[in-house]
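Here the structure comes first, spelled out in structure tokens, and everything after it is commentary.
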């Protein structure tokens, strides 16, 4: 008797679940709109990447719709939060493709979440423009996968070129324990030889650690001529403070991971004199007028700060470029994914926030060395260094 | 030699932080026999509210300090009153899940109030770092050590000399027996939660100037604090301080002499060692299993 | 209560306790305790509260390892052995305050007793080969027999904690019998029983003995103990005070003094 | 009676497989299946044997990484990597269980948590083999001889058939000598020992069994997503596993299905809350634990029974001991 009740109840529960899933309201049903998917780490530890990217994408969509959309089709952005979790990203990507049937996807913000959905977009043949920096995304080349973030190769090249000019030969390296840190460490080790630089000590630190004096002591004992810290906030700010506390006098280089006003606020006066490569966005005003990107940067900054009333971040620029590149590829494609992909691959000389994009069947990142410039923090501000 | 000293100082700085958190665990365990997985969040709340009050609203240091401790103690009170007391059959697994749920809830609220970015705070005193034989020590860590010792002595007096202190300890041993003797055990547990939350917030206030405080700093600190409490012997206040210091120094030495990748692993490896070798910890009293 | 005549002849003792000592920190719970339990006899262990009776039980069943002394069961040493090994050798026990498995039914509790006599492991349980199924069937039959034997035959499907206290005591005895012991240790089985139940317990214990199971009984109810025991050992403050048949013990001055202090006349 | 239950369950799987064509819902149900496997294994350990484990995602991760590494670096066939993963995970589980299961309550919780964290850190640091934080890519999909299982529907059937088999295994275990011994250990370990149960051997056995369930779930996950990274087996995942078991209902096999479904659908439907997701998740955890500590299944059943008064408790009289 009781077992029968048990079975009945189980059947009921399973039915309820099916209804619950089916019932999830999908978004507005405008028929002819071009639907574009967005996957960003809006909450969770990498929200400093996802949030500006989401805002930038929505800003571009609004701007295009205000001008009547593309070929008469309005754009509709369908954005999900991945929280930086690969499983959730795979589920969200599938939801975008099969439930919302989007024409293309922008994002995700991190390398692991991007790699997780590469097989999905390749199988379903949906163009993907990732905002993550990892080399593995576009090497080896994947036909349906593009990326707008400057790769770490260029950032490390910019640092090493600057070091060569200061004839710094021996350096110490400190990298954060996550995907960003790992890919940075790979590039730092790989390109050291060609630039005649020797890494005398390599250490790592946790993103949330409270004190890195131990690592810095170990590096100092190897007598390097400079230290490179590769990480994203808040770790590098703690390192800047520790360096000041231990009054280590040799120059400190940071990565483009801290190229945002937040770093200045966190590090305070300990940031004085730090070198780092960054997209041109942080030093827009100091750019010579001849610089192609200046007008694009000024427009992006004004629009963003007017709409959202908060300082712009370089990471948001990746999604801004991705959306604009996609808008260009959508023209004349009347919603055919194959055409969009081919159009993307042919884009040349597109001046974006992160640099000038020249895509080709062999290069789905399309950025040259002009993507990065070296800056030094002087009196709480970014000072553009002459190349 | 200079390196060793610097590792020691860095170990002492981190050790003092772990000690303060471990004290919160031990304090609550002594009074209620519970382990609160949301203890790390009290530290986070202490750090962030201190930054808002002291740096944001420019309140004087002591006022901001007391107000922060009061606010977080109130949160601890609410947690006990709404979540812990209402449980009919307080089975350990149920309580573990409730405190984990509480830690996620507090993290969510902190994310809304303070946003997702990290915040920093100036140190209490403007003194320059102290230089001893080439190694530098932050004055802030001396602040922490001083406060930690003050708390421990305060606790000893509280448990040894005051009636409420002894009553609280009686409640931990057997709530029913204590209430039979007229001790309002419900209020004792409430007080214990408030005190341990307050202690967590003191920890948070002290470490705000040293580290960057963000809404999700609580979890790892909580776990490390627990490892320290276990190392020292759950239930003994001096054990918490001793365990915290040991853990901080062990971590610094591991980073210094082996590799910094192992840093977090050290804390949990020590925890496992202690659990296998001496579950009652280095200073804790060995629990006799009466049959 | 019929007065059973003294047990004739002296067959090999099933249990020999030799100068056992056990201390908890400073407290000397047991000191130099030596006695023997004849096979098939009903042996009682009496003494005022705190005399060390339960501690001695725990030493015999392996829960505590004694500091000194030996426990010989069927001539092999068992002191310090693991509890479950002692049970598989054939020593079963009940508890002072009833310890039943609350999440299981009456029948399942007794089946747990059968555990030590069955062999089905993880793979057997999953595979459910014929051997496992027949072992299970036979165990269930044996368990129902035991339930009938203690008078709880019709309660098999109830949750064990739903039973009134007295019946829980009988269930615990049935569960202990399910391990097919040759020596059954009973820790104050009559405490909490009413007069009728105590009398039924007495009859049950005699029936158990008639099945060839030796009983070692710790009990405060003097009528029951004197009525069914063949020999009695008296413990006082961790030491053996006296040993002998019930009649001798009843009029032994030391025993009276240990129980009642001054020389009040002990009621017959 | 039990055959009817499994038949009904098989029917529901077939209906769902045929009925649902949208690959997002199919994938969601497949993830629910994988989580049910995990919850089932942990339920045997926590619900039946009463041993809490706060680090069980480590076995899920070990299972996934073992097969991922074997099939990518050494390009073994997945059907060879599965037994290898199970053997390795059982060995690790056995070595961990030996010292660990002497502990109980909070100490056991923290010990398993420590083990989980150490495994997570080792996987992340050993980046040359495990791909470190950016994870392992290119794990091949499964195929039964010629028939490829890469498609959503085929994988859906594979996962849910495995779930059905594990239901049968668990229900048989629970209704056997071993199951009763586990429940006895949960009710009172010393008393169980006094009944002749070798408690430590059984606790280790059920710990290894639940680790095997977790490793099979890891295997199925990695060959579905063909990618694995450390943060799908960190401490928060272990917390989610324990929550599935506890919310579904301790010591209730079908409760694991309910708990796993809820905890897989919840984050999806919580998207609408976006920033408030964490608050809602924390609150749900607390509220269910405070008001329904024995979990939803038992809670719903009790509600059903009490309301319908379908099953009054009959207490029969007891006959005296017959001669």
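Here the chain labels run A, B, C and D in written order, and each chain numbers its own residues starting at 1.
Simple rule for what comes next: contacts are C-beta pairs under 8 Å (C-beta built on N, C-alpha and C of every residue); 3 or more make two chains touch, one makes a residue touch a chain.
Not measured: the values here are computed from a predicted model.
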Mutual neighbours - chains that touch chain A and chain B alike: D
For chain B, which other chain has the most distant CA centre? C
Per the C-alpha centroid definition, the whole-Å distance linking chain A and chain D comes out as 35
In whole angstrom, how far does the Cα centroid of chain B sit from the Cα centroid of chain D? 33
Rounded to the nearest Å, the gap separating the Cα centres of chain A and chain C is 73
Intercentroid distance (Cα basis), chain D paired with chain C, Å: 41
Among all residues of chain C, those touching at least two other chains are 63
Sequence positions of chain D contacting 2 or more other chains: 125, 190, 275, 277-278
Return the residues of chain B touching two or more other chains; collapse runs of consecutive numbers into ranges. 111, 261, 264, 291
Contact residues on chain A for chain B in the complex? 43, 45, 47-48, 51, 177, 203-206, 208-211, 213-215, 217-218, 221, 233-234, 237-238, 245-247, 262, 265-268
Tell me, which parts of chain D touch chain A in their complex? 1-2, 4-5, 8-9, 12, 16, 22-25, 27-29, 31-32, 124-125, 127, 132-135, 137, 221, 225-229, 231-232, 254, 257-258, 261, 265, 267-269, 271, 274-275, 277-278, 300-301, 304-305, 310-311
Using the touch rule from the top, collect the residues of chain D that touch chain C in their complex. 169, 172-173, 176-181, 183-184, 186-188, 190-199, 205, 209, 251, 313, 315-316, 318-322
So in the complex, which bits of chain C are touching chain D? 61, 63, 82-84, 87-88, 93, 95, 99, 101-104, 108, 111-116, 118, 120-122, 124-126, 128, 132, 135-136, 139, 148-155, 158, 162, 167, 175, 179, 200, 203-204, 207
Per the touch rule, the chain B residues reaching chain D in their complex are 35, 83, 86-89, 91-94, 96-98, 100-109, 111-112, 219, 223, 226-227, 230, 261-262, 264-265, 268-269, 271-272, 275-276, 279, 291
